[in-house]
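Order as written gives the chain letters A, B, C and D; numbering starts at 1 within each chain.
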């Protein structure tokens, strides 16, 4: 196994499509770290399901459509985005590249696309905000103590973040077995500096017969009341992330969430979960056409992004593509990847005869309804 | 081919999920013995069908479910089990580890889970009973002579076994072709000590045109009357193992069986059999919600165990996992494997939003009804 | 590539199931000859379809069925067969083993099973008849001249053949591309001695624009009138081989055929053909329960034979198994293979709870109707 | 990687079926050029879909059909073709063989089959016309300026071309990523000599926020009005190529197109497109039985050609087969390939019991309607 290559300063000629970053990233990361950053939980089934779900969808080619009114912009919570594309929250980006979140924020700003800053970022949310001239979103988990959650929320508001994403799908995160088998050990740095002021509560001792998992780790897991409280504490748009089941979606909307992110955490939560692409059409149908619905999980380029829109998403987020591009070529890589995804979307729009985002719908899929 | 490794005294870091024991076992067993202990009959189709049937089932992730009342215990024939998990009957465990059934019984007792002691055990059922402080179950075949069956039964009762499992699916066991091709020869020890007092009847000479199989080996195969007789001889809970067809299930219940084990003998009986997971939902539907229904075949961890419950089982048994863990690390391995399966179940319950076993049902599967 | 092994005089320990002969045959034949004898036409799709169609069918295990009345015999055209199994017509068996048809006939006679002697045999049909004490069947093609067909027919009648099989599916046989690529060249010996007295007619010169195939090779291809004439010339039971379409089956019965062999010529005719197993159920349904229906194509052991009966066949023929067993161990190999297939059938009958052939039907398949 | 072999002067013995040319071509081309000529766009999904769609279709073998009236000729736009087979437009054939379009035209003429000369040919359409004694077709794209399109059209008319094919599916062609990764660079020669007099318009500068693709490259893409204008300019039969969606097909017919070529550009346009074989049956059903409908994409021999006819095509075009045969053996290779495809079609017709093209229809497919 040769040493990993250093990150690049220029874009090499073999990076021709966004998915090439996924292929190349392994050359720039030690195997254990590569497994940690791009692997998944369990046996990797949900991760593979994500990828295959996009790949197997087919689109109708259409002919001679006038494209002079072509437009890829969308308005989301009052923000105007040039393409329906966001950077998903990814923790501790300094693991992938020395410039970490700094680089990603710069690339996002340059492209005018939102970076959803992770609460587990390796830099302070305040620093990242200053580095990003573009739209600013912040992701958080409900902390065990409301005071901690509230402090985090107020800091995000004070730093100019314009939307909040609360991740709900991992009250407990299953281990990344591949990374463990490769011997991965988390280094001391970077660490989750934004949470260092909020130490977790002292675990209560378990009674005999109680479970380390169910009665230990999960004893402080949030429930619906916690989320309702969070909703009451901010006027920022609040999106719930990790939604898959229509009943959860319904309840989240009723609770006051302004939008949802359909996600199985990129295959890093419940390994038996369906692909986010599989559940997306029913969620859109359940929620109606106007409710903001984003999706992530396995988006590997502009063709998958188009398909996400066809299945009912307003926009999609990229996580692995982001961290792979960061590892390969830092800010330049992330910006180039975002451009490739955007242009692949445009090319697909041209060949599918859909000049505007609103033209993209289930009828662009072959056959008209998504195969099950 | 290097020599097999000796069994371990400690759990190595690469054993992170229960299925890892299946992967590692081959390093601790000579190839022929590995094929004998973990292989299957025929072309291995039923064994693969088992594995794939669990793997392809998907589950709904659910959000924000309160888990403070989480509970994995169940009551089965008056016994309280901490998890819905049993050790399937496996013959001659001394082949896998020098401590054989002794080690398995100790692990089962430590975890409070039932070991279903095989009539083909390499140690006496009386010895095993003394080594196991936990719930005790005994498995038997109907012997050619009722006196032999009865003696075995009385010994099990006298030794404190609390439930009986009669295996019905192998009036004749097809050969394990892979083991034969690897040159496997059964050693003189361990042998089925519990049956040494019951010599098989002298085979009747075949008439011209009669079949070695149909009229020879099967001439003493039990029928419904034999099972009805067995039922009449004991008050212990009696479960029939190897059930797949709804009509057989119905008749077994009418005959007085207290429960069934859905099983294709782990792929070691009829190679063309469907997966036990495939037939389980219809059996549960046929038998109603209250009749005890267990399942084995391809359960490789807590996620598969959760799925078994979702399809209608009350609990599941592990056979290959058991023998693999025994080969890798003896009693410690079996105990560790049982803990891994249990915790994987708990993790799945947490992410699927099902705090109690009763919450697990077909609605937790994606899509709601199991795919065919 | 080492030299091929000579045929064996004893059965080695690694030959444990009938399909093992298919695996082992390549060690006993030069690659080009192996491709010629066991390969197929075109891209090998029909051959693979045959194999997969049997493999993917599943059977219900059944319990506690009394087997004392077990019986595998059947009566076919007044002949009593110990098992529903025949040796398919295979040309020039001297290619596979020096003793050629002599060896196969001896094995068939020893097992009491019919060998369907090929008109393309390398020995005279008269010689083969004397070597075979068992039931005798003869296969032929309609020759370009009726006098030739009639002579062949009369010779078969005179030699004591008791049933005729006329093969209809290859008016033109597509090339075995794999054998050609391996450089296969037909040797001078063995040759089709039974046809040496019937030289093919001088080809008519083609007119401009006429096809070498359609107007040349096929100019003497038989049609329905030819078959009706053949039917009128003999009182022997006449079976048509190569039948797949229900309309052809219907017309053949109406024309007076006494039975049909469902077959795609083992994948050596139309490469795009479905598997014979795929079309068998509809043919049985179309023809009713009493009309003799045989099948070949991909039968690789007793489990597939059982499935053939479950789908509606009265018996099945083995071609590749036969030539593979012949190549491996001559008469001994063929006899051993026939015994393995028979015993595998018996084992499957025992585990599927079907003591008699009449008990085997669609209800023994899981699910009850064959999957499409 | 050894140097590529030179093109052959004779047909080697291992070229036994048309698809063998696809296998052999890689030995006669440098890897990058092989990728460029035989690869596809994106991830190659549409190309694989094409191939698999033909391969998985199955046909009914039929028996004893009289073949004396066998006929493979068809009449297309007043031209009589010996087989329902055309050479698809392929650009810059000098890349594959030094004799380029010259060789292909000679082969087409020798076989009496139409070569659809590409507007991107490396030789002038006038030269190619003189080299081809057979039926002449010409393919073009709508140019940015009508004067250019008209000039091209008039030249084709003047050179004796008898049918026009306008390709509509690639207003923008996605890159061949495999060729780029192999380092492919287009050489200076051959170049598209037929278009050298029609320089593309100077690109308009993009405004801020405008897309290089949607507002740049596509700014001159043709629309329906352009095609209507083209239709009005010629009395030659006009076929539209690249049609997949029934609504486009309907509109093209209404606009005056004389026929359609169902095509996804051989997988070189929208990578998410379905196979042309998948959409063909619905298009035929939509358009009725009399409207000329051709198809290309993945046709790798006469069996696929038969299937194309069974799904409703009047004829099929071969592109990759053509360029592969050209690379392997020049004009001789193309002629040999055309003969192989034709004879494979004839063989399939014989075994499927369809003496005339009109006998080939959906009823020849197993099962009767194409599987989805």
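Please note the rule applied: a residue touches a chain if its C-beta (ideal position, glycine included) is under 8 Å from a C-beta of that chain, and two chains touch if they have at least 3 such contacts.
Since this is a predicted model, take the numbers as computed values, not measurements.
Two copies of one sequence, chain B and chain C, touch each other mainly through non-matching residues, since under half of the numbers at the interface are common to both. For the pair chain B and chain D, the distance between mean C-alpha positions equals 59 Å.
With centres defined as mean CA coordinates, chain D is found 42 Å away from chain C. Counting partner chains per residue, chain B has no residue touching two or more of them. Taken as a graph of touching chains, this assembly forms a single closed ring in which every chain touches exactly two others.
Residues 42-43, 45, 49, 168-172, 174-175, 177, 180-181, 209, 211-215, 218-219, 221-224, 226-227, 240, 242-245, 248, 252, 264, 269-274, 278-279, 372 of chain C touch chain D in their complex. Across the complex, chain D is touched by residues 13-14, 16-17, 19-20, 55, 57-68, 70, 72-73, 82, 303, 306-307, 343, 346-352, 355, 366-367 of chain A.
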